[in-house]
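The structure follows.
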Amino acid sequence: MNTAMLTLIDAAKEKILAQKEWLTSLDAAIGDGDHGINMARGFEAVATKVRTLPPEAELPAILKTVGMTLISTVGGASGPLYGTAFLRAADQASKSAGLPAAALLGNILAGALQGIKDRGKATTGEKTMVDALEPACVAYDRGLTEGKPLPVCLEMACEAARQGVEYTKTIIATKGRASYLGERSLGHQDPGATSLCLLLEILSDFVNRQEVK
Amino acid sequence: MNTAMLTLIDAAKEKILAQKEWLTSLDAAIGDGDHGINMARGFEAVATKVRTLPPEAELPAILKTVGMTLISTVGGASGPLYGTAFLRAADQASKSAGLPAAALLGNILAGALQGIKDRGKATTGEKTMVDALEPACVAYDRGLTEGKPLPVCLEMACEAARQGVEYTKTIIATKGRASYLGERSLGHQDPGATSLCLLLEILSDFVNRQEVK
Amino acid sequence: MKKIINVPEEVVQDMLQGITAAHPQYVKQVEGTSVLVRAVKPENKVALVSGGGSGHEPAHGGFVGKGMLDGAVAGAVFTSPTPDQVYEAVKAVDTGKGVLLIIKNYTGDVMNFEMAAEMAQADGIQVEKVIVNDDVAVENSTWTIGRRGIAGTILVHKLTGAKAEAGADLAEVKRIAEKTIANVRSFGIALSSCTVPAAGKPSFTLADNEVEVGMGIHGEPGTHRETLRTADETATYLVDKILQDMPVKAGEEVAVLINGLGGTPAMELYIVNKKVSEILKDQGIKTVKTYVGNYMTSLEMAGFSISLLKLDSELKELLLATADTPALVQI
Amino acid sequence: MKKIINVPEEVVQDMLQGITAAHPQYVKQVEGTSVLVRAVKPENKVALVSGGGSGHEPAHGGFVGKGMLDGAVAGAVFTSPTPDQVYEAVKAVDTGKGVLLIIKNYTGDVMNFEMAAEMAQADGIQVEKVIVNDDVAVENSTWTIGRRGIAGTILVHKLTGAKAEAGADLAEVKRIAEKTIANVRSFGIALSSCTVPAAGKPSFTLADNEVEVGMGIHGEPGTHRETLRTADETATYLVDKILQDMPVKAGEEVAVLINGLGGTPAMELYIVNKKVSEILKDQGIKTVKTYVGNYMTSLEMAGFSISLLKLDSELKELLLATADTPALVQI
């Protein structure tokens, strides 16, 4: 497949592997201590799987492969959530074929968010990955409306996601395994929001590097 | 029952209780770490049980009660061994009625030794209580032959028993649980020989105190 | 990490092969999956599928067999299985009379099993699901995602399996599952942590004399920590909490499950049962059957849970029906 | 010491009451003793009595029931029971056809059971005894007191119990016991110590990655200590040692018991079984039946043993006969 996309996917895998222990320790504090392990298993499989795609594979097919692979290898809560996010992103990519890149990415992110919300029946303020992705989408769209170029929109999204992760420290979990903790979940950042923020940052780095070339 | 005998039995119980942990730790090194616990359980039961005997109970009956109580409360290897020793001691006490005290005690000790050897099918040099009691009996009898008074005979017996305990450090166990260790049992003293030596010392102390009165 | 394993990545597959090698008369593995199904597929009966993360052995593969499950799906250790695996299980066990999924109430399990149900339904397989939520530890979580599913799940397998074995249709089998779930409550404590092989270090630590009350079966924190009390005090506390949540009147009947978490010896479980049986007797509650042992474990965690299942005559009959599985045989 | 108990002095009685409360359809306690016997005394059959120190649960009380034992005697933790208790058991189970004592080869057990036999014989009860010595760990101890009896004892209970249940006379039942003993070998390793309640501290300590090879079931030292190896390597080592001691030819049949010592999760036992089954298969040895689980434990000790029982058609039939006891039900 497309070597740029391969670079992006490998970068995501490397990042997740590098942060595996950290993500796991965040999950150990308020969940069951496997988020990093789950994500690492998934992204290692993704990096292998996409290499089997034909060179001419386009974005929707690639995103769908990522989604299916995550669904079939991650397990736990994050598997269906991230998997659905990528499947919905694939739908949007296909529907938005022909749009300029910045608008296309906006639709992809929105599709991913809606996928997570549908699958997890979660909304913001429940201490989940939604608390990173929803503000990121809002910020991205604001950038778009303001006519900012793609890299800037993405940087705004990342900043919002980081703030979202910080915000998860201040709230009590009401979805996912951390919800069993009640008030004891306060003060801890959500592992899923954290991994989501990492992925956005990788994407932003990648886009910046592409622009530079 | 006879208050002197009660004093002796209580002294034995106190001594065993005081040395419970030590005996257990000796057994932990080469056996299963329960000898002190077993002996303590037995002698606590003995001290209770003998109080139910009638005041006129005589030595054979008392020894038999001790033996039966040890058999039914100690368990493990030491229960049948000490129990049989006291039962055989009771036989000898009854057969030797009328003999002078020193000769009587000689027969009692010999009966106890034979009981242990019969029950345990052990001989000297196998790293068991026999290695304390057999030399003690020999020494006692030598004292008797040399016309020594009872306390001296007993003191000689104790000294021989102590040497017997030391000797058990230098040999490999071929009977009891320590035999599984093979050469690894070298350097450790046998717990059963040790408890036997303690009991002889209590008896010797007691006799000395009686003589002083 | 001191474990008798080969490599952490392969514990689940090694284990599944060890199970099928040990019990070929009961179970076989669906090739290329982490699914165990009955060695001989029954004909014309509603099929039951359960599963979850591994590390809870003998749950769930040990309960595949006559009178209990038809298929069990094993995820990575403490991680719910993926939808494709559950889907494989559903396809393998369906006899045309439909499949009931018995899911423990964890977000991950629920989502993965739901996705599998959608996949199977798209193939035209009738799939229903029930969600077990017996853990009374997290009292006030009902307004969030509800209680967790723990050891009571085994009793759901037992009774629902008996109903399916008796030839009931999918709706009836589901009704029994829901009725059992409505009548089962569990509560446990942990005395020590466990180590997930892939993590390599204990999930948490407890002080020398400290216990976690209401610990989840994946090492999720419970309600609070306290100093270990006597077996009698602990049993009394746990049974009280269960009965507060699900009152059982004098004269009513129950089944009891004293479930070891993996590292607690049978001796201690029986000591707990002594008190539990006394409490129930004192309250005039009749114990119809008691299970004591390791049924739903958390690897080598020390601790246990108590489950009570309130019975009526219908549930009682299903409880006492025969079962023949690797981990539970009942004549 | 972190245990779910009341007081150390009462663990055995508390446990026995917990067992009878859990399994009243199977067992009852002989009043005033530490003896469990079948709830309903069978008529006109040779009776089997076994026992030993407590702490090995479910052995031995868990194996009292149809097709296995008639009585089990529980000593203090890890301490063989006293003769009067064994004598009570013999008196309680004798139906007039005689009693077989199944004794594990420990000096204490042998002496206490022998004294009980003498007491019962003095009453005119026919008593025979067999001594189980399946542990190949201590190779060169045959010239002293011989091998220890460990998990293989469960298989002796199983096969001998089946023979007695079938109505054989005392001599025949004893012959089967001796034949089983002659054909069963076991070997195990320990990964951690355990704590005897009355002692209050661990019986021994092992370093973080160290195992004791050939550990006895009461914490007696084994042959040596070494660094923990993989499950495959460990299984290979243990099976090799067993087969060196008791060669089994290609084409011959065996039963396998992977016995957990109490603190090792089922997952690891099954991982061991995967390799054991492969080794046997590679050598052309046919595995007729495999048991995996906690049968003969050492409190919460982590570790396991492997037992192999070489079968001929007579032993095979007895192995596969039905059994119905609290800890082993076989249809």
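Here the chain labels run A, B, C and D in written order, and each chain numbers its own residues starting at 1.
We adopt the following convention: contacts are C-beta pairs under 8 Å (C-beta built on N, C-alpha and C of every residue); 3 or more make two chains touch, one makes a residue touch a chain.
What you are looking at is a predicted structure, and each value in this text was computed from that prediction instead of being measured.
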item	value
Shortest chain-hopping distance from subunit C out to subunit D	1
Taking each chain's C-alpha mean as its centre, the one farthest from subunit C	B
Gap in Å, rounded to a whole number, between the CA centres of subunit D and subunit B	33
Geometric centre distance via CA averages, subunit D-subunit A, whole Å	55
Residues of subunit A engaged with two or more neighbouring chains	none
Contact graph of the chains (line, ring, star, complete, other)	line
Chain pairs in mutual contact under the definition given at the outset	A-C, B-D, C-D
Touching residues on subunit D, where the partner in the complex is subunit B	53, 75-85, 106-108, 111-112, 115, 137-138, 140-141, 143-145, 148, 196, 198-199, 203-204, 216, 218-221
Partner subunit C, residues of subunit A touching it in the complex	24, 28, 30-34, 37-38, 41, 71-81, 119-120, 173-177, 179-182, 184
For the subunit D and subunit C complex, residues of the former touching the latter	2-7, 11, 14-19, 21-23, 54-55, 57-58, 62, 191-192, 194, 208-209, 228, 230-232, 234, 256, 258, 262-274, 277-278, 287, 290-294, 297, 299-300, 302, 304, 322, 324, 327, 329-331
